[in-house]
Amino acid sequence: MKKLLLGTTAVSLLALSSWANANTTIELQRFFGACEAEYGKTTDVSAAVGECGIITTLVNKFEADNPDIDVKVTTVEWPGYDQLNAQLASRSAPDVVSMHYSAMSDYQSRGLLVPLDKLLKDQGIKATDFTDAAISSVTKEGKVYALPFDNWTMLFHVNNNLMKKADLMKADGTPMLPTSRDELFAQGKQFNEATGKPYLVQVLANETATYARIFYTLMMQQDSKFFADPGHIDLSGEDAKAALTLMKNIMDKDLSTKNMDYPAAVSAFANGAGGIAVNGTWLIGSYDAQSKQANNALSDGYSVFPVPQFFKQKDATYADGHGWVVPRGDRSDEKMAAIGKLFKFLYDNDYEWSRTGHLPTVKKVIASDKFKSLPHRSDIAKIATTGQALPAGVLRQFAIQDILGEELGSAVTGNKSIDDALETAQYRINDLLENI
Amino acid sequence: MSASISIKNITKRYDSVTVLDDINLHIEDGEFVVFLGPSGCGKSTLLRMIAGLESITEGSIEIGDKRIDTLPPGQRGVAMVFQSYALYPHMTTRQNMAFGLENVKVAQDEIDRRVNDAAKILEIDHLLDRKPGRLSGGQRQRVAIGRAIVKEPKAFLFDEPLSNLDAALRGRTRLELAQLHQRLGSTMIFVTHDQVEAMTLADRIVIMHNQKIEQIGTPMEIYQHPVSRFVAEFVGSPPMSMLPINNIQQTANGVTVEVSRAGSIATAITLPPEFNAKDAVIGIRAEDTAVVSSEEDGLDLTIKVVERLGDRTLLYGTLIDGTDLIAEDSGRSKVKAGETVRVSISPHAAHIFDGDGLAHHSQMEV
Amino acid sequence: MAESYRRSRWTNGLFVVPYLSVFLTLLVFPLGWGIWLSLNKVDLFGGERFIGLKNYARVLSDPIFGQAVKNTLIFVGVSVPTLVILGLFLALALNKTTKGSSFLRGLFFASSILSVTIVTLIWRIVFIPNDGLMALIFNYFGWQPIGFLSTTGWSLFSVGVATVWWCIGLPMMLFLAALQQIPKDLYEAAALDNASRWRVLTRITLPSIKSTIMLVAIIQVVMQFQLFGQAQLMTNGGPAGSSRPIVMYIYEIGFLRWDIGMGAAASQILFLIILCAAMLQYWVSTRKEETDA
Amino acid sequence: MKALNYSPEHLTSNRRLFWIAAALGVIMMAPVAWIIGLSLKDNAELLKGTEAVFSFPYTLVNYANILESSSVFGWFMNSMIVAVGQTFGVLLLSSLAGYAFARLEFPFRKTLFIIVLFGLAVPEQAVIIARHQMFNWFDLHNTHIGLILPNLSSAFGVFLMTQFFRAIPKEIDEAAMLDNTSTFRIFWKVLLPLTLPAQATLGIFTFLQAWNDYWWPLISATKSDMYTLTIGIASSQTNFAQSEGLGFLGAQAIFASLPVVIVYIFFQRHIVTAVSGGAVK
């Protein structure tokens, strides 16, 4: 009888198992994908490729180095904030969570994140060790709320082999990229006629984030102040119309692949289905690795560049970054210390993470030869200065991104007029922000 | 073991509808009483009230000298056999019979003894380990009776227990029930709408009609001296023919009634002075008629249907005025449909019913 | 007063106490609490403030909610008749005792036991561009590929295909059971009357299972109004919200936008819609029967 | 001989209908065959193009990977505990209440029954947000109890069991009453065994519903330890893009459905009878 009554408690206790062998367990929740099958057991970080492979092996390595600490990893669907919200609401959030800088204000402003100043200080990590861009992104009201892990932007990943075929290569062996809107359409047409393939490989299906990022970039290039007031978006201007018109024209003139969702777009580019993939920094490592193998579409023909400047006003590109946060909750000192060790380990291995293609956040990694000698990094170096985020005071950036992406998508695919889409997007976003 | 049952001033109402109205009945210890009546007359309700399955609005019920209408069904000491038998489908015959005894914690060897005894009496020993689903209708019926017997109740209650059996089996079981009653000597109450069952089984029959007891009596009393037109028409097969009375003439032996244009019938019935002649009828059973030669007194009957039963022949016909009459002839009758025959009526056997349905009989026994 | 077993006793009520306590705490109370929440400005992490019907006003004036309602109505309007007619067809075709029929019955019902995530996983891998089964088929025949999950119009259709594939078993089974209940002598009488197959179907079979058809329709309407998992996992409501059902709207408002109050308001509206749809159906069916009688 | 057989089957169906249904059956199976095919292919090969499904070589490597590393087992156990717990709970509560509503008299019986019937009309969506809050108050999220409890309130079971108890001839419990059986013993020993077919129907429905439940576990079981199979598979399928690969996902789908499919194949006859027996009166 007693057994029966204790049943459920016992089961959950056993599951945690930390109690049994006196180890400290850190529950770590992240996106970046699941690749247990390939990397589940390996601790050889340097052999790993791609976001998932590198973070998985990093954690494995940390566990191997610290036998008294178990890291229990939960992989969530990107970006995983609905799940985190449910967890926070039920006071069962994990110990460490991956989070975009752009999402942090939401949680920090409601006191849902633990400040990490002391934890980092105990590990000998100083704020000045990080790039200004990174540390300022995670600092709110004078306190640091995340271990900044990377900065990223959208890029033009180029298939040089196809560009060569379209006669779009410069003498120095780099591809010819457009420097204006007119050039974009001209070169796109040229590419398409020569190869029979679309010029751009874009993620346009079942995705909202890429639409929003490109749109932000185009707005920022016009030096638009669409978030002059963080509680209010302004999409009524000519700038918004110009940005969206450009996005729509790309589709209308058949410059881009259609109907591809994220995985389809990623593999389509890898299989040579188009000239330029518009996607994030995180793919550099994987595509570069592929280009070093023989007999595939990218063999010996991959390069990568920032998104070109399509508007004269400003050379800018939308940027964000990933950090590691600790949600509020009751944690013992031992556990906090273990989390500190994990953060120190991640900090120490920021270089390994930067092999994905992300920009490192640690100054000395950027300065290191090791990093500088990574391929393509010099080609995209300027994003460190041109990268720009939304104002920190803008809350619910992921919800905004969803709304914006949905409406932009409607316009791009021709289901709504441009004016209609922008108007609805503005209404919905402002309704959201006004009712927080 | 067995006991008498007293029903006193029982009334049953559902909201404003009265189902039983002031019923009084005393059943002797060991008596076999049959409640007979058309469906809806309240006979089953009365039985279920004795069992405790229906509540009583007014009145009381005693078994022996003990008032039992406040007790739950299980503690009244009665056993019931249902029309559908109501065997527990998931229990074997043995478990079905033992279940009630186990409920009251009878010792296991006593249970075994009683079950085996009952099974022997009912000749179902070989069925003890079967479940009801694998028994025939007749076998289920026996098990249901067996389940009642093992309880050694003060009274047995039967709720139309034979109606689900085929005709042949019904006849046999009827006989066996009569034997069982003799053998056990228990008080038994039997509800039926079948007059043959009632006539053959009952010590006394209780005829129920319109929420009331119409008549209580031995089968012969009921048959020969029905107190009312209802009882007369309900009991007997074929039913009693009813001829409207036009005129009544007092004679030395009784009254002679004139039946429309068809003729008159002499009877040995004496009517009281306050007799209500309006809508009065004379009732004649088929067996009290005879086909006679055309010279003799009688009524002329035009035969429409001839029903040959072997030992006798029933003649369904109409009188000149169109009234229906059923007459009886011998088994060797040569009457054919379409013929007109003369029918005589025994003067002592006729019954006269006044406008209120109240019966008047000849004082002489036939 | 005489007492008998029919007499009402409060101890008899003890039998319903376990269920009633669960019913009250987990259904009735949350229903009331949900209504209360819908009248408040409240987010996932607290902060209740009474604002009256403002949440309802916001939901009803939200074009996205309107779109979700429209999507859901279209989905119900197409998927339910499909399920009923297809289920009826299968039941008629497989109402035999042969081995082949019983195998097919088992096959058509088998998908019902799979969980929604498996079903959507299967159908996503069928519909994905380039690598999916449909893409291969279209490629083989040289047809223009269709973005089943990413084109307005097709996305809701694709969700519907997966749903019908998943749900067809139950209607078929219910119809089969109803067909078995039709007395055999009706058909014998029809055969003696020289009735054609079609007349037997329309004059005997269908009228005999009329109540089952209604039952299946009501069950399916209530079920399909609650569409969520398929849409969320296959299309995430896209593109441009063209496959977002009401339930997904509620989920997004509550757990993506933290707005519990507004989510609760949308829930109550959905509740009303389902109630009205079921009652309308019931009303139509009973009214029809009256005129038939 | 054949022409003399006027069975309903003969008149309602014919060979042509059967073959159309058979063709539909093939279409029905196609997606499953596709997934099975994918699951038997190496992921690297699939990356180049899924036409590879139609040619050799095939491999079991995806299944081997599941056995080695996947959390499917844990999810499976959670689903089992939740589904069995819920089924058991619903059967118990519904039987008790159904018996009382069908057979016993107690104060407010009719009113209570009408209120419960009203519960039939309340969809989960109308209460789920409030429930999520309530479960916060009592720290019931991420527990098996927290996953089991909500569906116990379903009025469907009570309604169904009440109908079934009503369908049992009243004489059976009257006979038991005359046998001096207590109210509870009548329920437990006499009537409950007679509702076994109904229990099977309700049990199968409840089990399937619990097994397939999506929204509630999605917001209540937020720790991977507590994922049910449904949620677990959902969490892994959205990572499509990354390196798991279509073959692995396919294998996971097949592997995760295997237990219920096996149970279904073995008990198909009973399940079919139960499903069809339950709903048509």
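Labels A, B, C and D are assigned to the chains in the order they are written; within every chain, residues are numbered from 1.
Just so it is clear, contacts are C-beta pairs under 8 Å (C-beta built on N, C-alpha and C of every residue); 3 or more make two chains touch, one makes a residue touch a chain.
From a predicted model like this one, the values you see are computed outputs, not experimental measurements.
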{"item": "Maximum centroid distance from subunit D, chain identifier (CA atoms)", "value": "B"}
{"item": "Result of counting contacting C-beta pairs for A-C and B-D, higher pair", "value": "A-C"}
{"item": "Distance between chain centroids, defined by C-alpha means - subunit B, subunit D (Å)", "value": "56"}
{"item": "Computed distance of Cα centres, subunit C from subunit B, in Å", "value": "58"}
{"item": "Inter-centroid spacing, subunit B versus subunit A (mean Cα positions, whole Å)", "value": "93"}
{"item": "Distance from subunit C to subunit A - Cα centre to Cα centre, in angstrom", "value": "38"}
{"item": "Set of subunit B residues in contact with two or more other chains", "value": "52-53, 72-73"}
{"item": "Set of subunit C residues in contact with two or more other chains", "value": "5-7, 131, 251, 255"}
{"item": "Multi-chain contact sites of subunit D, meaning residues that touch two or more partners", "value": "49, 133, 177, 219, 234, 238, 240"}
{"item": "Interface residues, subunit D side, partner subunit C - complex", "value": "6-14, 17-18, 20-22, 24-25, 28-32, 34-35, 38, 46, 49-51, 92-94, 96-97, 99-101, 104-109, 112, 115-116, 119, 121-131, 133-134, 149-150, 152-153, 155, 158, 177, 183, 187, 208, 211-212, 214-215, 219, 229-231, 233-234, 237-238, 240, 246, 249-250, 252-253, 256-257, 260-261, 264-265, 268, 271-272, 275-277, 279-280"}
{"item": "Subunit D-facing residues of subunit B, complex", "value": "48, 51-53, 72-75, 78-80, 82-90, 99-100, 103-104, 147, 151"}
{"item": "Subunit A-touching residues of subunit D, taken from the complex the two chains share", "value": "47-49, 62, 65, 68-70, 132-133, 135-136, 139, 141-145, 218-220, 222-225, 234-236, 238-245, 248"}
{"item": "For the subunit C and subunit D complex, residues of the former touching the latter", "value": "5-13, 15-16, 18-20, 22-23, 25-31, 33-34, 37, 89-90, 92-97, 100-101, 104-118, 120-126, 131-133, 136, 165, 170, 173-174, 176-182, 184, 186-188, 190-191, 197, 200-201, 205, 212, 215, 222, 225-226, 228-229, 233, 246-247, 250-251, 254-255, 260, 263-264, 267-268, 270-271, 274-275, 278"}
{"item": "In the complex with subunit D, residue positions of subunit A that touch it", "value": "8, 11-12, 15-16, 27, 32-41, 50-53, 72, 74-78, 83, 86-87, 89-92, 94, 262-263, 266-267, 270-271"}
